[in-house]
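A short write-up of the structure that comes next.
We just call them A, B and C in the order they show up, numbering each chain from 1.
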Amino acid sequence: MTKGIPPRTGARVRVERLIKRFGSLTAVAGASLDVASGEFLALLGPSGCGKTTMLMSIAGFEHPDAGDILLDERSVVALPASRRNIGMVFQRYALFPHMTVAGNIAFPLVMRRLPKAEIRARVTEVIDVVRLSGLGERLPSQLSGGQQQRVAFARSVVHRPPLLLMDEPLAALDKKLREEMQVELKGLQRLLGITVVFVTHDQQEALAMADRVAVMNAGRIEQVGSPRELYEEPASAFVANFVGESNRFQGRLVETAGSIGAVAVEGGRALRGRAAETITEPVNSPAIFMVRPEMVSVSTQPDSEAPLAGVITNLTYAGSTLSCSVAISDGLSIVARVATERLGGPALKLGDRVGVAWRPEDARIYPSEASG
Amino acid sequence: MTRSTTGSLRWMAVGYAVLAFLLLPTVLVVPMSFGRNPYLEFPPTGFTLQWYEAYFTDPSWMSATLFSARIALLVALLATVIGTLASLALVRGRLRGRAGLQLLIISPVIIPTVAIAIAVFLVFARLQMIGSLLAFVLAHTVLAVPYVVLTVSAALTRVDADLDLAAMGLGASRVEAFIRVTLPLILPGVVSGAVFAFIISFDEAVVSFFLSGVHDKTLPRLMFENIELRLTPTIAAVSTLLTAVSLIALSLVLLLSRLGRGRGQRC
Amino acid sequence: MSAVEASLSAAYPAANEGRLGAATSWLLLTPLLALFALIFVTPVLGMLQQGAFDPDFTTRHFEQAVSRPLYVRIILRTLRISAIVAAGTLLLGYPVAYLMARAKGWQAALLGACVLIPLWTSVLVRSYAWTVLLARNGLINNGLTSLGLIDAPLRLLYTEGAVIVAMIHVLLPFMVLPLYAVLRTIPADLMQAALGLGASGFQVFRRITLPLSIPGIVSGLVMVFILAIGFYVTPALVGGAQNMMVAQLIATEIAEAPTWGFGAALSTVLLLTTLGLMAIFHRAISFERLAGDRS
């Protein structure tokens, strides 16, 4: 039986060509987003990429220099934060230390001047939904990190806002608790039907929780897509590098035959992969070759068919997978990850001579960017 | 460790001796105020409350005390408001020239009070405001504000600025957020500042010396005249009472600072 | 970044800064700035003007201050006394600060209270206590007489010695607090390490504690000296007219002279001297240090 708060339609959020500068630093350089009603969107990127500034702009704590922000097709960019009717969870929770858990959660309802009886009822409801029953009269300082996190969440949804913004809310929790909360938060979001924009620098977290992920780099959005799209079809070298692991080599584009190309790297080897759509440059231009370790197969019988052969320099056993680093030539080393059950024959050892191969359509070639 | 222990024992003795030196003179005034002899002497003989009686029944002492108290209350109020607003700007605001501002704000503490007193006297004398309540309140507020700013700023930096943002995101206006979230958390600091301001004004002797008129004297000014003439132990009684007030104020502030350290901690 | 800026930014961590817009910040500062402009800056400038323009620009008041021997004596006396007082507070204050820094728990709190109590007591009360102590039939004279050390009471009050002792008493906390703040930051294991390496207690002090406490020493000396040169109440009550210091001279001039030009000029000189010392030693006087001292 689903207790409590009836689902409500989440807001549709549109950000159009947002620009925000701080002095000479441009934090957001013309980014646009379209978040569907009820969607869980993660804003993913390294520190300094502008994701928090984006979030703060949507919240109303930063005033953009250019661009528009629309909630349910209404422009809110001129509205102060207190009038946008959103929920927000901060990285450090920002719980009011002088109020009890119930007092904290009741705050947005008090601000909206709801009658006391209704406030009491709604607060009790929410406390039960986040499984903090009985802790209403405690002070935040008397709670554990995970409990504080749940109070912060409860406080941000009790007034049923159509949009919830979260700024790395799980960063302060330890790994196990974080993973538990990821599942819990996602469940709560689906239950409430609320639109969520979630900022994180942890790509694992983004992939696990989000319906779609927007990857940001240096103030721009590089790609928006489902976790799977981002992982399997990264649009740029940055996204391929940031999301998941990748082998990555710098070189020169040497041939293109249809959509398959080859990059010549140090030592003269040519690595074949699928050229990204952004490859328009002619042959001989700088390019980046990337292939994920799990796409690289290892065979103990290096034969003439396997284009590359080398010596195992490192083996890392991780339960269900085995990672091997294979040194092909001076300076060129590829990491392959193999499922342990698929390894037939004698076990691999350091120093073994093996061949590595991949299907060209599983690898990617991108134009070389300055920061790439 | 024994080598250093004996050496440090000697230094500890010196330290305690100096502390005694610090406290004794003030402490000695107390028994004097209960002495029977009409002229000042130590050690006093006999026990009597007549000097306290003399203080409470003398109209000039009482009016001076009330005058000082009125000034001090107004100063506490004014300095606290002005100082708290300034602290908000200094701690949370975007300011250019913050360092210069802060130097300006603490300058009344460092600059010789005599210079300030003279400067203020020259202005008020020309405006014929010598002895007026307003003149005292304004001058004392200038002297007290730096202390309020120091105390409130210290309290404010301990409060997470995110709390304000959180409150506003939840629907509070800027003023509401301040009143419901920030102010309760810095209240010990604010009250401390107010107590500070009160005591500074109440005990203030130098500016009072110059701004007092013939009929409008503050308590310190009256005491100053009496000490110079060294008449009766009534001064001792007044001093004892003043010290008691100071001690109460100091205890209050220490208590509040202990309270304040527990609040507003980032959790 | 000067030391002032460094200590200031330490006082206000970046997480707090910049939350209020510039316009709001200046708005919040307006009452203070208005008050200071009207009651502080303008009067001080007026005082400067009155000393230098009478009615046309003239330096005769300033010249008078440094030419007449009486005034020169007073100025020199003020500097001399202030220097002695600063040194005296250092000698007496260091052991106290050291004690406080080494004390633990409630003892530290008690010692701290002992230093704070005189600070919070009115200067008048403390000066008055000295007039009582040093009087003809005050405690000291009575004590010495009953011990048989003297036949007739000594003239203790209204001497330069009295002024020095009383001022040391009043200004001692201003030396102890910055010293304590610095001594407290010296970790105990530094001294233990030195002792373990064979240093005597005295050597530990001379080579480790003392050098590390120099910032506090300088800070205290500067503060005490600056406060001492402008001191009024204590020298007036304990020293009298024969041991006049600059502040008393200024007060007399304003109170008795028909025109205030000279008094204003003297006051300006005192002010400028203080500002000059502050400028030279600004590293020693910081917002943070004062905040630590007072709280």
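Just so it is clear, contacts are C-beta pairs under 8 Å (C-beta built on N, C-alpha and C of every residue); 3 or more make two chains touch, one makes a residue touch a chain.
Small disclaimer: the values here were computed from a predicted structure and weren't measured.
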Centroid comparison with subunit A (C-alpha atoms), farthest chain: C
Chain at the geometric heart of the assembly (C-alpha centres): B
Inter-centroid spacing, subunit C versus subunit A (mean Cα positions, whole Å): 59
Subunit A and subunit B: spacing of chain centres that average the CA atoms, whole Å: 56
Centre-to-centre distance between subunit C and subunit B (centres being mean Cα positions), rounded to whole Å: 17
Residues of subunit B engaged with two or more neighbouring chains: 160, 162, 165
Residues of subunit A defined as touching subunit B within the complex: 59-61, 80-83, 85-88, 90, 92-98, 107-108, 111-112, 140-141, 148, 155-156, 159
Complex interface listing, subunit B residues touching subunit C: 1, 3-4, 7-8, 11-12, 14-16, 18-19, 21-23, 25-26, 28-29, 32, 40-43, 81-83, 85-86, 88-96, 98-99, 101-116, 118-123, 138-139, 141-142, 145, 147, 149-151, 153-154, 156-157, 160-162, 164-165, 199, 203, 205-206, 209-210, 220, 223-224, 227-228, 230, 235-236, 239, 242-243, 246-247, 249-250, 254, 257
Contact footprint of subunit B on subunit C as seen in their complex: 2, 4-5, 8, 11-13, 15-22, 24-26, 28-29, 31-32, 35-36, 38-40, 42-44, 46-47, 50, 92-93, 95-96, 98-99, 102, 111, 113-118, 120-133, 135, 137-139, 142, 169, 172-173, 191, 195, 200-202, 204, 223, 226-227, 229-233, 237, 247, 250-251, 254, 260, 263-264, 267-268, 270-271, 274-275, 278, 285, 287, 290-291, 294-295
Of all residues in subunit B, those that touch subunit A in their complex: 160, 162-163, 165-174, 176, 180-181, 184-185, 263-267
